[in-house]
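To start, I am sharing the structure in question, which I have written as structure tokens.
When the chains are written out, they are named A, B, C and D in that same order, and each has its own residue count from 1.
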Amino acid sequence: MIVIMKVGATRDQVQAVVDRVSELGFSPHPLFGEERTVIAVIGDERPVDESVFRIMSGVDRIVRILKPFKLASRDFHPDDTVVPINGCSIGGNQVIIMAGPCSVESKEQLLETAWAVKEAGVDILRGGAFKPRSSPYSFQGLGERGLEILAEVKEETGLAIITEVMAPEQVSLVGKYADILQIGTRNMQNYNLLHAVGEYGKPVLLKRGMMSTIDELLMSAEYILSHGNYRVILCERGIRTFETKTRNTLDISAVPVLKQNTHLPIVIDPSHACGNWEWVEPLAMGSVAAGADGLLVEVHPHPDMALSDGAQSLRPDKFAALVKKVRAVAAAVGRTV
Amino acid sequence: MIVIMKVGATRDQVQAVVDRVSELGFSPHPLFGEERTVIAVIGDERPVDESVFRIMSGVDRIVRILKPFKLASRDFHPDDTVVPINGCSIGGNQVIIMAGPCSVESKEQLLETAWAVKEAGVDILRGGAFKPRSSPYSFQGLGERGLEILAEVKEETGLAIITEVMAPEQVSLVGKYADILQIGTRNMQNYNLLHAVGEYGKPVLLKRGMMSTIDELLMSAEYILSHGNYRVILCERGIRTFETKTRNTLDISAVPVLKQNTHLPIVIDPSHACGNWEWVEPLAMGSVAAGADGLLVEVHPHPDMALSDGAQSLRPDKFAALVKKVRAVAAAVGRTV
Amino acid sequence: MIVIMKVGATRDQVQAVVDRVSELGFSPHPLFGEERTVIAVIGDERPVDESVFRIMSGVDRIVRILKPFKLASRDFHPDDTVVPINGCSIGGNQVIIMAGPCSVESKEQLLETAWAVKEAGVDILRGGAFKPRSSPYSFQGLGERGLEILAEVKEETGLAIITEVMAPEQVSLVGKYADILQIGTRNMQNYNLLHAVGEYGKPVLLKRGMMSTIDELLMSAEYILSHGNYRVILCERGIRTFETKTRNTLDISAVPVLKQNTHLPIVIDPSHACGNWEWVEPLAMGSVAAGADGLLVEVHPHPDMALSDGAQSLRPDKFAALVKKVRAVAAAVGRTV
Amino acid sequence: MIVIMKVGATRDQVQAVVDRVSELGFSPHPLFGEERTVIAVIGDERPVDESVFRIMSGVDRIVRILKPFKLASRDFHPDDTVVPINGCSIGGNQVIIMAGPCSVESKEQLLETAWAVKEAGVDILRGGAFKPRSSPYSFQGLGERGLEILAEVKEETGLAIITEVMAPEQVSLVGKYADILQIGTRNMQNYNLLHAVGEYGKPVLLKRGMMSTIDELLMSAEYILSHGNYRVILCERGIRTFETKTRNTLDISAVPVLKQNTHLPIVIDPSHACGNWEWVEPLAMGSVAAGADGLLVEVHPHPDMALSDGAQSLRPDKFAALVKKVRAVAAAVGRTV
């Protein structure tokens, strides 16, 4: 941590900071520049609230040196984490595509989609049973019946299941049916939920908050890891910006930035990022070329009848075409699908 | 709802939309411009997912006409909602100031703060027992012991209590101790929690998500109202923007915009908005001049010893000065504090 | 400047940075923490591009210590700058209101507005002759004829004139007519223009770019100051965020932040910030309560006939009411209007 | 245009809008819903300021139906525009890579870079002679001497030249030396400059403002097109968001969105988007996979000695590796480099 003093800070103010640093068990190193004095604080700053110094007289601002996360950091875990799911591996050489409808609407709808995505080459089926909806008047998902349908379709098709969990008390219920527990964008900082899935132990796909920074995403991953669960997959799904043409703005740079900063796998959800099925294919191709470990894509057999997110869902034939093109791009970067 | 067709959409495509509109029980009104055709959809569009039309061939985009919320809307409830708390009223002529520390740290700390803010003229004491923290390594609050301390201090000072609830299963516990249940910024779209406080029935202070629009805030209020609880107080506490000098950007325009669109009271939290005690006073004064119904201010007897948010906490003497200045501004706009 | 090394940076990498620091004429102070090494660079870092170090092996990131601006900084110029205009002073105890139409449309329109705002108590008339418009098909202003009208109305009413200049080659022309040269939000980083008004010497009102940080605003002011013109007035007029209810988001926190960081006066343009006349009055009142030195308000005698920005323009009677309320708020904070 | 009335708007208010619509020469179509009335306005709305209606009593808001740009729109110009430069074509099947240093620093520096990028397979050399810098104390470019160096290097290597023009009065000077005139991100809405390059007629690369929407980018292109110059290349170079890990956020979705909405070619500048050479390669690969027509990449023989933007510049060997990988991705999507 570096404490930067104001221009004109007095010797006494500097000394008071130096004393406080020592008092807290750190080693202070004051450096006197022509304009300003800075005090370097040597030691593990992570548990210290920077306010302790910021509030002192003559202090201008604080700069943290250490990253706030440790378990999620590549610094202390250089090798890629690979999460095995149902015979495939997320985070290895293969690019994993997870696909399916936004919501589970009926056994027929899910089964039709499942066979279609399986034929296109997919191993993991997505589908929401509990749906976070911004309006209390919108379809809220089938709940536990949706989970049962997922289980039946898994049984019939052999596809692994990813589905969302919305509250700590749902974790063990959803966990009975799901191979991967999904934490949605609005729950990325629902700490009670992160705690619960951390203890539960099954693989977790953690979606980035639509207005959360990359560091905050890694801090939320740290919550799960610090409760003992290392099988965490990160998901970039678009962030909120001033641009309104797309539903959100896909932050594709998050792929190389995360690859450098963490060992956890990173997948992209191009469907939520853009909100329009017409743009999903180019974004999927771009994501794989930029190094993503997988894709999460919305597919619906009849998007015009979908109870949610129809506009961003691909019909099965369009999805099959997407997989083919993604496979070509993956090959060009030395990976398989 | 207005369905806007693409330039060059065919007669058949227009007809298909018209037919679909009728099929869904609405009345279609196609209008043929020189460049584009639009189809007006007459009826209550709220339960309809716009994707139903957006996915159709020849459709460019959809414009919704009706606001998605109803119970929270001033259109159907022109009179201001006033929430009575412990002898004072939020949303009436009086400007209510709620103040106290970020976290409850000890009986001594809370009691010292409580007497100080009471002397300055405050009726409602804030203090967190359960704390949402972005790092798993930070102080997470005293939990139930914190709630007990709040109750003891309420008993001794007569101040009403506002404190945060973070998960649906905590609602009845926190509700036993609190006069107002606070929903934090990261939980504004935690729908299970909104549902729970909606059913519980005690007054709720709903903080705007730092990444949420004004309409989304009103939709979250609608969740609570639609479960039968009309005692909802909205709180603007800064939104996330590209500016980094301040912790967040106080969206002061939200005050007149909300006053026009909803009957619910609106308070401002200048402490979280700016993150620096030096700027809290001018923002508090500006908020009241702009029409806010109240303030939520962080006060700590020893900010440099605070376990959280010390940098944005005012010392009691600075806070007393703030109240005095806010009182003068309130008088200038015809209100009392 | 602080150079932060990566975890695991080698001794040689640290030594290479230390050598480079010395080579550039600075004094290096390496500090060895448990996890990371940082190298403090003592000296005036302003002219150094931080890339010089960031590109080196083993370097993680760079933190600047000194603020990039000097002439605009309060650190080296503690007293408030006061800009005298036509008998009044911007930046002193008086709150200055500048008002008038978005565009000069005709002599009649401007004169009617001018007498109305003068009667309400205003000393400075705004009105655009050259208009930056996002569409090439919109009204672009009357150009030089607009300037002549401004001069005629100044002659008749005695009001001082503020009007926009859009290009370096227009500066001397506009300067002949204007008492204050306005730099618009889209030109805040038009460096050739900043250079030109810096050399011209007349008072400049510099609008913050709608997506520029406070530090960038101060850097643009520094451009003008560094070319010899110290009569610079800063203007906050709303920034671009994800919220779309308002045209932009008024960053009211910029007032106290700028007051702390610079000696230059700061005025607020609530009309452009919100884009809707109904919200201008509360924002104007809030701005003055928060410490603004002045206001820039759009007034039009017939907003429904305005050639630009009618929706955010106040009718003269509404404007007179606003001035009255602003006066009461100003009095409450110890200032006059 | 659709005029949406407030809930409870009176018959007289509706009639007044209907009359005003007719008065302005449009055809009004009122539609009476249960909650609200809307009035459809049939005719070419482009020249009409929506304020005309928004300001009227009982009006809630206005929705525009037609896109504000016409010449730039694919609706009226379905075929891709292809801009021929020096034997290659931008906007055709070939992906064009433009590369070179941020600033022209010396003949030696530029020549060394030019031969290196030429060997890697590049046809167009970038390099700035006039540099927009946020600090008046930073290197501002070599000016006209920089242009002469560009001309000399063009002569020796046969590479075409792209360089920035910052002010209207520089257009003819820069135009003498450049094959493509670049408009920088801070000048995207410098309308006098757009006008000037529109009349000048040479190919223009128009960078998206870091704070500008896709529609605003197309409006700025419309300015150039409306002055007679159709040889416009659009460039996405990152937008400003809340994320600070990267210099800006590359909006890769802009590629498919622009491809759908305009016939103009679109290139990507990954160097400015991320600001760090380590991330340029994956972003370049992703951009080409997503459909970009070209890339603009910063290359410097000695990034640690660069006078600007060294941290985001690639060394020639890294750049040659990038071109190879981009070529493989281009092949996978059926294009050449």
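Simple rule for what comes next: a residue touches a chain if its C-beta (ideal position, glycine included) is under 8 Å from a C-beta of that chain, and two chains touch if they have at least 3 such contacts.
In this text, all values refer to a predicted model and were calculated from it rather than measured experimentally.
Shared contact partners of chain C and chain D are A, B. Comparing chain pairs A-B and A-C by the number of C-beta pairs in contact, the larger count belongs to A-B. Between the Cα centres of chain B and chain C there is a gap of 30 Å. In this assembly, the C-alpha centroid of chain A lies 38 Å from the C-alpha centroid of chain C.
Distance from the chain A centre to the chain B centre is 26 Å, each centre being the mean of its Cα atoms. Chain contacts: chain A has residues 211, 240-242, 244 touching two or more partner chains.
The residues of chain C lying in touch with chain A in their complex are 2, 4, 6-8, 29, 31-36, 38, 40, 42-44, 63, 65-66, 75-76, 211, 240-242, 244.
Contact residues of chain D toward chain C in the complex are 20, 46-47, 49-52, 54-56, 68-69, 132-139, 166-169, 186-187, 189-193, 210-211, 216, 219-220, 222-223, 226-227, 240, 276-277, 303-313.
In the complex of the two chains, the chain A residues touching chain D come out as 211, 213-215, 239, 241-246, 249-253, 255-257, 260, 273-274, 278-279, 282-283, 285-291, 325, 328-329, 331-333.
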